[in-house]
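My structure is below; once you've seen it, I'll send some questions.
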Amino acid sequence: MNRLEVEFLGVRFPNPVVTASGTFNFGREYAHLYPLSRLGAVTTKGVSPRPIAGTPTPRITETPMGMLNAIGLENKGVDAYVASELPWLKAQGARVIVNVFGDEAADFAHVARKVSPYADLIEVNLSCPNVHGGRLPFAHDPEAAALVVRRVKDATDRPVLAKLSPNGPLLPVAEALEAAGVDGFSLINTLLGMRMDLERKRPVLANRQGGLSGPAIKPVAVRQVYELYRHSDRPILGMGGVASAEDALEFALAGARLVAVGTATFSDPYAPLKIAQELERELQRRAETWSDWIGAGHAPN
Amino acid sequence: MTRPSLELTHERPRWDDHAVTLVTSEPLGPHQRLVLAMPALEARFEPGQFLNLSVPGHLLRRPLAPSRHEGTEVELIVTPFGPGTRDLIALPAGTRLQALAPLGNSFPMPAGEAALVGAGAGAAPLAFLAERLLCAGRTVHVFHGAVSSEDRPLVREVYERLGIGAHYFSEDGALGRRGYPTAGLAELLAGGADVTVYSVGPLALMRAAARLAIEHGRPGYVSLDVHMACGVGACLSCAVKTTAGQKHACVDGPVFEVREVVW
Amino acid sequence: MNRLEVEFLGVRFPNPVVTASGTFNFGREYAHLYPLSRLGAVTTKGVSPRPIAGTPTPRITETPMGMLNAIGLENKGVDAYVASELPWLKAQGARVIVNVFGDEAADFAHVARKVSPYADLIEVNLSCPNVHGGRLPFAHDPEAAALVVRRVKDATDRPVLAKLSPNGPLLPVAEALEAAGVDGFSLINTLLGMRMDLERKRPVLANRQGGLSGPAIKPVAVRQVYELYRHSDRPILGMGGVASAEDALEFALAGARLVAVGTATFSDPYAPLKIAQELERELQRRAETWSDWIGAGHAPN
Amino acid sequence: MTRPSLELTHERPRWDDHAVTLVTSEPLGPHQRLVLAMPALEARFEPGQFLNLSVPGHLLRRPLAPSRHEGTEVELIVTPFGPGTRDLIALPAGTRLQALAPLGNSFPMPAGEAALVGAGAGAAPLAFLAERLLCAGRTVHVFHGAVSSEDRPLVREVYERLGIGAHYFSEDGALGRRGYPTAGLAELLAGGADVTVYSVGPLALMRAAARLAIEHGRPGYVSLDVHMACGVGACLSCAVKTTAGQKHACVDGPVFEVREVVW
């Protein structure tokens, strides 16, 4: 009996623990530690139509039980990944969630179309700024976000997850995306934050502000997943500070069907695998399955 | 002539996460000397390579470049900077930590002599390199800079135990000559010696050393100090602009040829 | 030379470190540890027109470097505080910031009028729900928030701070409040969050969700203070995770003129005093004053 | 007759934050026995009072009620529950901590005999009370409940060292009689003894004990286990509904008369 197996939008995952976009690149750096096929899935770094150099350094800094990053979505562009990384990753036997983004809706669709042959799911990162919408993130603008999802749905036959931002409105955006045909949701992306350098008397990050991730944001993430689950019947990939099997179970209770591990991989490169193993032991001890836990924290008792 | 640091990538043993024990922690003036027992590490650190060390209570690891690797013991020199390094140097001997190692590329061997220009904990990887060069019978010139006399315990520990007659410089003249260690480098290069320049320290120092190497047509290497999260190429935190495009210090570096860096 | 002295809306504070509302009650519990007059000021627990019993327990739980609370604004009502706690607190020689709230604008004004004789500043808590506005917090609705501020300004001659919420829009609300005549801002209040109880398979807090405070939220708070300082010339009382003099200096660089210490007092009841003392030593070492730091992180270098 | 716990408030010495050293930490089955050296604490803990103890790496302190206070040493029995208590019991002897103490009110002395009904770490304050009562020459009846035999080391440590013949109950009969400790209390009360009931344990146990005390017209006291942050009355986390209005367990309790609690 596989207590961890879970079906998500028609795809079977041997366990619900996937890597979070941007914290595992395309998996190559960690592939000598364990077979990537043992993870629920690998979510790739965000892929855009053209290469992006990203922001100046420092790009990261630590905060209490969290970290800030401002990588600026550095990536080599979709053609480079389709040429080498994605075929390699698929060949490892891993399930693959490709994270896609762009400056406008057509960019997202372009990338989604190109990566589809290698993707089990497409994750649409709506936290990046909408260049033609005054640089407001797509996720803060229900209409712009819905347009992206419609275009991506037209461009791919793979299930499409919308990755939501915790910095704007949650439910109005989710509602608009459902109407646009989104298949599921993934949340949360990072919270906006800043750290000051007392010696240089300016923000530590060259970009001044960055995205806060790690255990510090877990309570915010659990609440957003809980809130979304109450209002939507689409499946949820939950994330934000997951660092243990207990954390994963908190997200399941709140309503997550899959969970992603991001920052914890920097603390321990084995984290995604260890969390899946711990989950197995914990569910065994309780004689339960992962599926028993999904949304179970909403019972009216 | 100038060996691109990337070449080294392919020869490196694969890193893993190693359980380590802090066996010694002692002050060296404002710095701290730590010795880690790393019995499970089969690979040998090369000078310039680093490890990414866990610090209890901190989410991210801290990149540190060893000053020595003897048997199963790895020596570090740590300068307290922020909360992580402050907590690290306060840990008692016996503490168990985790280290990703070995990481990054290393300093290539020089064709002729070597000039090492450092300051602060930059002396750590340079001393490791000096030891290696002395074993290989090379001539090593050391120029170390400080603000005042605070680095006396440090240089005694890392350079004098090798029997190297290092040249010291300080801003107020309290240690060695008054001035910057690049003054010593400039004199050496002016003499026309066949030296390769190696510099680790504050960015301004490395830039000045790089400029001298370039001016005199000598090969030169620096170890860039970029904020890192993963340490292994996955997070893209540690971008470095180079003449060959954007690289990442944790895997393509930390050692870069001075002409490759867009200063 | 007093390096810490700072003027804020016409009031002189011997140091910039004040207690955060709801974490120090009215000061009586801590008054035997140190004279309350040695603090920058005491901010009181939120005061409403009538007594409020608050939410069921559990009301608090810990999270990674943070805590969640859902006290439900329990308080004895303004008359009880005017009768005993506020005169007592003033008699300690403390500067007093009275935190006020209500169900509608008139409530805020009523409380503000009654507490004015004892208040150096009035802090208007806009994070509580607007009962007549569909239970949306005032701070998420620029017009409702502005109405509250106008009424409070009419009811008191004391300077009025608006306490902003990090869960809704920041700048639109701040702008509306400036137009309504607010004197200054205080931020951030807690972030919405949730923790799950794995044994009971439900949220830990009886109220399900609560407000996240403590070091975990510091980067979010520093960024919001920085953002507000860029757009407003009104003075800022900054808070969110301050637990050391270094934290206080981060807030000063971002633009805070005063800082409040909340959750840290639960870790160490001496925290507000110790932070002021540490600040004094740190500024001495640097031969600088607190005022030198206010907003200094915005220099264009 | 029934002494409202609030009365005790005014006699109490003022709390302060005390530096303490963990001098012993040893398992007692699933629980852990900790001994803290508290040399700076002038006041004596009364049975039922508690301290609010720092745990490294945790923001909030943890409320714990001592089982003994001998000289400068305070004994605690801790049951690992969540991350804080799990980390606390893993600390090595020698660790320095901070404790707010003494906090809260305490169990009033009985007019006649005393019946102590507990389970798990609830035995800690009850054993402290038992010791006090024995010194005062009172008759003490102890009823302790467990799931199975897991509490054998605990009861041996806290009750048997006092020479008390406690009555044990367990759900599966592996320790003492099969059943709940309230069965023992019911028998005692049915005999018509002049006893005051004291109960500390899970809410269901305390509620059942309270019901019996009320039914038999006996005074009864429970120590309510409410999530606490400040521990001193400032945060209003620990609200308790009582017949005399809303109170706060950290200052008005943790001990409440059973008729005062709105169950």
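A, B, C and D are the chain letters, set down in written order, and residue numbers restart from 1 in every chain.
The criterion applied here is as follows: a residue touches a chain if its C-beta (ideal position, glycine included) is under 8 Å from a C-beta of that chain, and two chains touch if they have at least 3 such contacts.
Please read these numbers as outputs of a predicted model, since none were measured by experiment.
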Touching chain A and also chain C, the following chains: none
Contact distance in steps, from chain A to chain D: 2
Chain centre separation in whole Å, for chain D relative to chain B (CA means): 57
Length of the line joining the C-alpha centres of chain B and chain C, rounded to whole Å: 46
Centre-to-centre distance between chain B and chain A (centres being mean Cα positions), rounded to whole Å: 36
Set of chain D residues in contact with two or more other chains: none
Touching two or more other chains - residue numbers and ranges from chain A: 65-66, 214-215
Touching residues on chain C, where the partner in the complex is chain A: 63-66, 68, 191-196, 198, 201-203, 208-209, 212, 214-220, 222-223, 226, 241, 246, 249-250, 253-254, 293, 296-297, 299, 301
Interfacial residue positions of chain D with respect to chain C in the complex: 14, 16-17, 54, 58-61, 82-84, 98, 100, 226-230, 232-240, 246, 251
Chain D-touching residues of chain C, taken from the complex the two chains share: 22-25, 29-30, 32-33, 45, 53-54, 56-62, 65-67, 69, 71, 74, 214-215, 263, 265-270
